[in-house]
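Two complexes, one shared chain (subunit A), two partners (subunit B, subunit C).
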Partner chain A sequence: MVELKNVSKTFGKKEARVEALRGIDLSIREGELVAIMGKSGSGKSTLLNILGGMMSMDNGEYWYDGKTVNFRSQRELTKFRRNEVGFVVQYFALADDLNIFQNVALPLKYQGYSRKKIKEMVMEALRELEIEDKAKAYPSELSGGQQQRAAIARAVVKQPRLLLADEPTGNLDEATGEAVQEIFHKLNKNGKTIIIVTHDAKVAKHCERIIHLKDGMVSDDGLGRDAYEEEVFV
Partner chain B sequence: MQRIRFMAEEFFRSFQKSLFKNILLMLMFSISLLMAIIMCSYYVGLGERYETTTQKVDGREWYPLDLMTESGQEVSNQFTTVGRCRDMVDYYETLKSLEEAPILSIHTSQSVGLKEEDVKKFFGEKDVLPFTSGGEVNVAEVPFWDGDTYLTRSMKGAQVDLGAYRYFGLGTQEGEGFTEENMTIQRDGDPIPLLLGSDYKGIIEVGAIIDVNFEMCAYHCKVVGILEKGSKLPVQGYMELGEVQYLDNRIIFPFGVRLLEDPKRAQQMERYAWNAYMALQSGIAQTKVEHIRELVETYGQIADQFGYPPVQIIGTSLGLDLLRRESAAKIRILLILTVVLLCFSFYGLSVTFYDKIQSNSKNYGIYLMNGCSLSMILVPCLLEIAVILFPAVVIGRYVLPAAAVSYFRAGPIMQAVYIMIGAAFLVGAASLVYLMRGVDTEHLIRQRD
Partner chain C sequence: MKIAGKKLPKGTFFLFLSFMMVSLCLLLIVSATRSERINNLSQNMLYTGHERSFYIDDAKENGLWEKVMPELAGQHKDFAIYLPMRTPEIVMRGVCVKGRVEVPPMIEGKYFDFDTSWSDTPCIVLGKDCQEGITERNGKKYYTYGGTDFEVLGVMGTKEESRLNRMALLDFKSAVRMVGVNTDYILDAKKESALVDIAQDMHEFSLRYHATDVKIYEGEVERISFMARFLSSDAIMDTMYVMILVSFSLSTILVTFIWLRFRRPLFFACQLCGYGERMKGMETAKRYYLAAGVGFAAGLFLMTLFSLALEEIQMKAMDIVQAFGMTVGLGTVILFFCYLIDSRKTKK
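What follows is the complex of A and B.
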């Protein structure tokens, strides 16, 4: 479903130049649950942002469902983000001046659902993530875990085929992290393709496949359990 | 529907957030637009009156003058001393003799009061009706000299100054026409020249001495000539309409009688002041279009010199008309103020929206991340700019032309309004697009974290 070919990305110029990604080749099939691991600064977020159509790349190709994603066309990129991807980032990215209901409703509004349908779908997602009582609350009134649940609710509410999560448990305590992890697992069971960037070996452990990044390159791409063992003892 | 709702909500939230700033911007744009238009109008003749108020003759524009509309009272109230009356006479003489804009005075349907006893004497059994103005009901007790009242009949009349007499090629079949000499009298009481239309032949003789009452003043007059048969003048001097006034049954009274010696009493002098005043009121300034602003300024200076309000030139641009009482220096300061305010308005708009976008960048990033399109973010911003500019449009569209009296040409003013508003909108839109374009969505979200 997702295929990257020789993708590279650099930030900054001259001395400040950072090669975040250096020729990434990657292929992910529909329904996979993939973890991307690697040291801080290895290019995980950059990779995920490119996969989500949130960041342009310098070189390489991004094939999605057998078609290239055209990063030059704002219109196509918007469509891609609107219809294909759900995105969860480490710092939640909830709009402060919208309440939880409004935040979760955002993607549906862009898709042009009716008001009634939006209400139904949002409440359903909130219920699934067990924060339906917080619909009217504002992000600042929620705990980190609740905020992340809201962010996940927003990512899944429109039923995207591809779910991308950048360190979804990074800001959460262990128990909450576990719960969030459970949610992803459940979603994957229901057929969603999920790519999770994580530091957390416990998170990665649940994944069938773990891709390791090192200095902007794929250093290892293998089965979850093996990778998990490695990570723990290094 | 939901997309429109989203944009509407974005717009309201954003507008509310910077309500005070937005109101300030609205005010600034309204005021600066108003000032800019008046300044444009003043300096480059934007929104001149309709062509029909002026006419072009021999390469010069003929502008009707007006001294009465707003200031009738304040002018004639001052004719209470010999000095002020003399000032009015000199005011008129000075304006009239401006080389760059000579003044013709012409009035084609005045009415001239003759004592009923004189009418009886001259007409005898002859029918007086064709010569009277206003039909039968035109005989009344009217004050003449020093409060003496006489039964007076209103006769058809017309009034021209020497310039108009010559310009329109009037001539006499008997006696002489208006001349420098007969228009100049030594002292009050010396007879003022009067011309008669051709039909008066055999009714009143050349050389006859008559008292006439004219514009509530009595004058001692002498008939100096009888006009050629069929003499005519364009109505109020306005040739382009093609309407003419035949003078055959009219009494022609002069504008611009020059009195050399001041009389002792103001009452004696007052009629000459009125004569000068009416000459200005019925005057037409002939000038080149490109000199009109200088002329307005010159009129202002001359008015100050004599302590009378400036003569209004009908047919100038809105700005010239509104500011005709202000000094040139003041107007220059106004111009500078306008430019400064205009710059501030544009600057304020840019800064406000730059700020707005900077502080909203995280939200924009979140919207984009969730599938919002760039245009759904831009539209509310543009709408906000449009709303900020809206009062200025209203003022430009409705208030300004209304304040400018209907006979100004609103078209060019409106074009100027639209150009200015369009420019402001484009500046806003361009800076928005510039700020938003090519930025990584992910980068936007991170801006404030």
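What follows is the complex of A and C.
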């Protein structure tokens, strides 16, 4: 489904030049639940942003469903992001002057859906995330876990095939984090391809595959949950 | 802050306040400027204030203007030639207008343009207090003067007492027929600099058509610098309004920056949801113009209260339209400027 070939990305110039990604080769199949791990500055968030079409790459190729993603056209990139990808980020990125219903409905705006259909789709997503009763509440009135559920609802409401999450539990307590991981697991069971960037081993243990990044390169790939548990927890 | 169950962000509230004050200022400025213009027009009796008088002497040919005027109109725009007539009770003048010079406030009908002021059909524009004697025939109004029936083009004047109310303007040809070609005239133009060119051409054309003398009196015009005019006592209120407007505009720029900064989570959410720059711009503009529009409505409401309480402040529908246009223009410039800077900052 997703294939990266020799992808590199550099930030800054001259002395301030930082090579965030150095020749990444990666292949992710449909329906996989993948964790990308690594220390701060290893390039995991940059990789996720490139996968989601939020950031351009300097070199390399990005193949999605057998077609190259054209990073030169902002229009195509936006369309790709709109149609194929759902994003969840650490600090939720909910608009504080919109209520939960309006926040979740945001990706459906200007897509030609009727009001009735939007309401249907949003309420379905909220129901799935068990925050249906919070539709009229504002983000500031919800707990961190509820806000992250709302952010996940917003990411899945348009039914994207690829769900990208950047430190989704980084801003949550342990119990809430566990609950959010369960949601990802459930979504994956329902057929979503999910890529989670994390530095938390507890989050990664829920994933079938773990990709380790080090200094902008893949240092380890393919450890499944069982193998990971064997290596880390046994 | 919640209003009717909906959350109103602080930034939006401040933006609303800013636009309310900017709109109030603009409404005050526009209505004050209009009042002042009409006052000046009345005091100067329709002249711009930099008009020149001239006379034609010993013109042997009665049809002098028939030859000079079309040539003058062909070469110049925005001028007026008045022919003052000696009438005991009201101020009466013949007028030929090309383009826009000074247009009096009209109560009904329309003012002269070149076709009606340089016409073979006798026409008249009457002051509000000179309407006695108007008769109606075939759906048209007529006013009889000097044995001629003049078609009434319109009625000019102001609500309050003014000189304009007791004036009457005739078409130029009728006035020349009544007074004769050898008489005193007033030349007026929109721009003072254009007066000299028009006068020179008029002199040349008149000589060409056998007038022995066309003399232009170069009356002394007091030249006042922009700063002196800006700070003069009679303009101090306008100056103050402008200063207040500038202050509020600057504060609106600041508030817009703050407002955009508070909108960043929304913009980021839009980006995550796959919105392009165009959609982001639309979302921004929609929210911004809504706050600005409600601000304008509140400013208009305050201004209405002021005009009900104070007789000096009078607002016309045209003032509202002008102030609205200016508010939209100012708001658009501010939003464009702030959006551009904020976007660059966000990208960095």
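Just so it is clear, the second predicted complex is superposed on the first by the 224 of 234 C-alpha atoms of A that agree within 3 Å, B and C clash if a C-alpha of one lies under 4 Å from a C-alpha of the other, contacts with A are read in each partner's own complex, and residues count from 1 in each chain.
Just so we're on the same page, a residue touches a chain if its C-beta (ideal position, glycine included) is under 8 Å from a C-beta of that chain, and two chains touch if they have at least 3 such contacts.
The model shown is predicted, which means the values in this text are computed figures rather than measured ones.
Student: Label the relationship between subunit B and subunit C on subunit A in the superposed model as either fit or clash.
Tutor: clash
Student: A:10 in the overlay: touching subunit B, subunit C, both, or neither? Say first, second, both or neither.
Tutor: Neither partner.
Student: Please indicate which partner A:138 is in contact with in the superposed arrangement: first for subunit B, second for subunit C, both, or neither.
Tutor: second
Student: Return first, second, both or neither, reflecting whether A:113 touches subunit B, subunit C, both chains, or no partner chain.
Tutor: After superposing on A, A:113 lies in contact with subunit B but is clear of subunit C.
Student: So, A:171: does it touch subunit B (first), subunit C (second), both, or neither?
Tutor: So A:171 meets neither subunit B nor subunit C here.
Student: Considering only touches as defined above, state whether A:99 meets subunit B (first), subunit C (second), both or neither.
Tutor: second
Student: Applying the touch criterion given at the start, work out whether A:49 contacts subunit B, subunit C, both or neither, answering first, second, both or neither.
Tutor: first
Student: On subunit A, what residues does subunit B touch that subunit C touches as well?
Tutor: In subunit A, residues 54, 74-75, 78, 81-83, 87, 89, 93-97, 106-107, 109-110, 154 are touched by subunit B and also by subunit C.
Student: Show me the residue ranges of subunit B that touch subunit A in the complex, using the header's touch definition.
Tutor: For this pair, the touching residues of subunit B are 1-3, 5-6, 13, 362-363, 365-374, 376, 440-443, 445-446, 449.
Student: If we count contacts the way the header does, which residues on subunit A are in touch with subunit C in the complex?
Tutor: The touching residues are 54, 74-75, 78-83, 85, 87, 89, 93-99, 103, 106-107, 109-110, 136, 138, 154-155.
Student: Can you list the subunit A residues touching subunit B in their complex?
Tutor: The touching residues are 45, 49, 52, 54-56, 74-75, 78, 81-83, 87, 89, 91, 93-97, 106-115, 118, 154, 158.
Student: If you look only at subunit C, which of its residues touch subunit A in the complex?
Tutor: The contact residues of subunit C facing subunit A are 5, 7-9, 12, 265-266, 268-277, 279.
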